[in-house]
């Protein structure tokens, strides 16, 4: 799809995204827990699943634009998930929703919204790229998405084309020493395992790509 | 040896017995713990070793007749060991010592003393043969020892000849349901394992046989 | 698994030393004995002496202090203290008002406390014994006096201590302790055994997906084995067993204690307690000051027990009476 | 291993319900929130709000009651409570005297409490935050404010609660809490990890004969690994580390707390404490009311931590002041 045609269509994409995200993260719940246990407290998988369940429930019967749905989903996510990722990922979703508002829902708008959400995460978490956090997936993803937008790509194609950058970014956290969050206390011991928050963010981004595709097919 | 010739000799036998007993029970400490763990609390090995260490320490520099040494050893055993076997085995040793007094230390005297000690254990513990206790080693042992005494056996020979009865008695506890002590609460679950107190008593009796032999050799 | 020790043979001695060092503001060591006592024994009041093997903290030494026990005799891990030690502790705290011994009904404890009692009686002291026999799993109805003591220990000690503290005479302290015991029932389940200091293997193991029913607090295996179940079914199992064994004359007011054995932790106990509480209310019982805590442990054994004490107007105030001990304080 | 639960997703909710059912005589649930508060909040006094993930009982809800914390916000196991829940609890107890938040310094807790604080401040409330940063293993000297909070939580909560209870204003409560934190140091070791409800594998494992140094209270592995040693050497290791990090202005009077993580049991802690105590006295320190207990746990993790709080004449009376909570009472 090039852009979400109608309001209904955009709302549908939000619902699809959250459902896909829950399915994908749910499949990897144990893996995320193990990654977190390596230098943290092992709850990242259950935390993300709990948050996504609540986010899905929040949009089931909710009314409003796609942007409003996202804002509500983010709040529900934060409240149910708790922890660092509850606060950060929830805020990210909410900010994206607030920026998107009633649309338009095209690639430049989404780029701007995700950029705003990511900035807010960085500010809230006082983290920078290289600190071994969710930002290490988001920052390269945004760079790639920006290039896609500049090249005039459609929403669905541009987003999907940017995914590998996020995944490489997440994989690269394996060689990083954590400087933020719980695992920062472990210093060198955090080496050798990818950051769970960066990995789960890749699942969220991939779930969105699938939602764009499926909504485009319908 | 037929009887302990002199006071010194008898004291020597007591010391040898306690040293042998500690060595033999110490070798089997884990086994006794395991037997106790099957339906009890697993401490019988450590309890016996602790008691025997104290009993040995008590007679190292003690003065007095063999009977007096035994009485002191029994008291030290009880105090250090604690638990059911501390009370019962300590009382058994003390009673034997009190009965033997200044001698004579021949088979009839020992038979009478061990009989008295055993009666006291039965009274204190309110147990009967067949209840899966130390009595199931002592009762057949006494019957065999009595037969040896009646046949005029020497102390060393008679005692050694009675050992298999004790060991068969202890082995037979495997088929018994405990009716006294901690494992009584487990009822049928106590089946299939020998009673730890009966087994450790066999080591005490065997250690005495070895003491009689070695003292006889010297 | 027990990991922190030096020589296992010194475990009890080091434990007593550490305990008295930490809580010297409340207790003192009994000179030349394996036991602790209140800092200022009151010779005009009945001395309540409790005790048993170690490995059950807060039982027994953690319950010594004003308003609860006068002294505790401390054996080695899971081994009753010797008669000699019981005697020494008794001599150190006994006054003209006499002595009550109270402890769980185990062969080794009975043998040693009884011998000490006889010796003290021979010397003219007035000593009574109240055995705790709360564990319904350890003998059937009709043979209550054969049962062993588990977490119900706490209730009997607390009420006897409160009675003694307010100045009741020995007959009365004994009567109230007997009555408390007669009205207390406990039942427990275990999920994993404990390991003694210096040993590598646990006293028993429980297969995955199974649990032991009718636990002992000395690492003894249960009376039988059952399938592991969700918390709410464990709550029903515990309550079905206890409510099938309501003591005579029980009213509708009940004190309830959910006791952790050592490594079944507080959060799990609260989750379990949720259903225990609901069910007790549904049975029409009035609940008095529930306790959800580790009260009588078995080293790091996994499991828990539920105790009920049916109260009446004379027992309830004793349970509520103030006390100050290392492990349990009512202000 | 956590065994008693129904649906792991309901764990927190069932835990809160069970906790409030058991200790309703002291605490009540905050309506529509994952938190508990005292039965009778006093709007004229500073509200001390503590909190964090569950799995650390008695922290946090066990320390709510007169003389200690006003309320606790309860997250899921090892997960900080959300900003929304912190906000709701704050609204329920905040009065004109203002609010002090105090909790261990973890990213998730800071993020959520900070967001709630901003929201409350926007509504005109006066809210302050004192982070607990006692764990010397988690950042070097000079970076004290980066350290995480472990068992030292208890001291900061207790003294802040006592200050608020006697009617100090918010500036003063904050100052005393900051001072307590600045004078508290902790260090711990772990012998085995814990297992979350519904999971089969522990969060970390420790090889036989090894121990983890510098534990976290969320099942995080230690900062480094060392060889397992006898209790007296563990005592020295803990003390060497703490005494190399004595806070500025520390005198010679020190409160000491030996905290069990969950399945390192009381008897072991007393054996270890024996040598801790001896050594502290040998260092010329004067010891104030030692605590040897489970104060801030990590489910059934095996291990312990040692905390020292250097007291002075204004802190000591706050530590000794009376309080009545489900887990800690001073009469």
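Chains: A, B, C and D, in written order; residue numbering restarts at 1 for each.
What we mean here is this: a residue touches a chain if its C-beta (ideal position, glycine included) is under 8 Å from a C-beta of that chain, and two chains touch if they have at least 3 such contacts.
This is a predicted model, so every value here is computed, not measured.
The chain with its Cα centre farthest from the Cα centre of chain D is B.
One finds 29 Å separating the Cα centroids of chain C and chain D. The distance from the centre of chain A to the centre of chain D, each centre being the mean of the chain's C-alpha atoms, comes to 33 Å.
Chain B and chain D have Cα centroids separated by 54 Å.
Chain A and chain B have Cα centroids lying 75 Å from one another. Each of the following residues of chain D touches two or more other chains: 77. Not a single residue in chain A touches at least two other chains.
Chain contacts in this assembly form an open path, with each chain touching only its neighbours along a single line.
Here the chains touching each other pair up as A-D, B-C, C-D.
Against chain D, in their complex, chain A makes its touches with residues 33, 37-43, 46-47, 50, 75, 78-88, 90, 124-125, 180-187, 189. Chain D makes touch with chain C in their complex at residues 1-6, 11, 14-19, 21-23, 25, 54-55, 57-58, 62, 77, 191-192, 197, 228, 230-232, 234, 258, 262-275, 277-278, 289-294, 297, 299-300, 302, 304, 322, 324, 327, 329-331. The touching residues of chain D, when paired with chain A in their complex, are 8-9, 53, 75-85, 106-108, 111-112, 115, 135, 137-139, 148, 196, 198-199, 203-204, 216, 218-221, 223-224.
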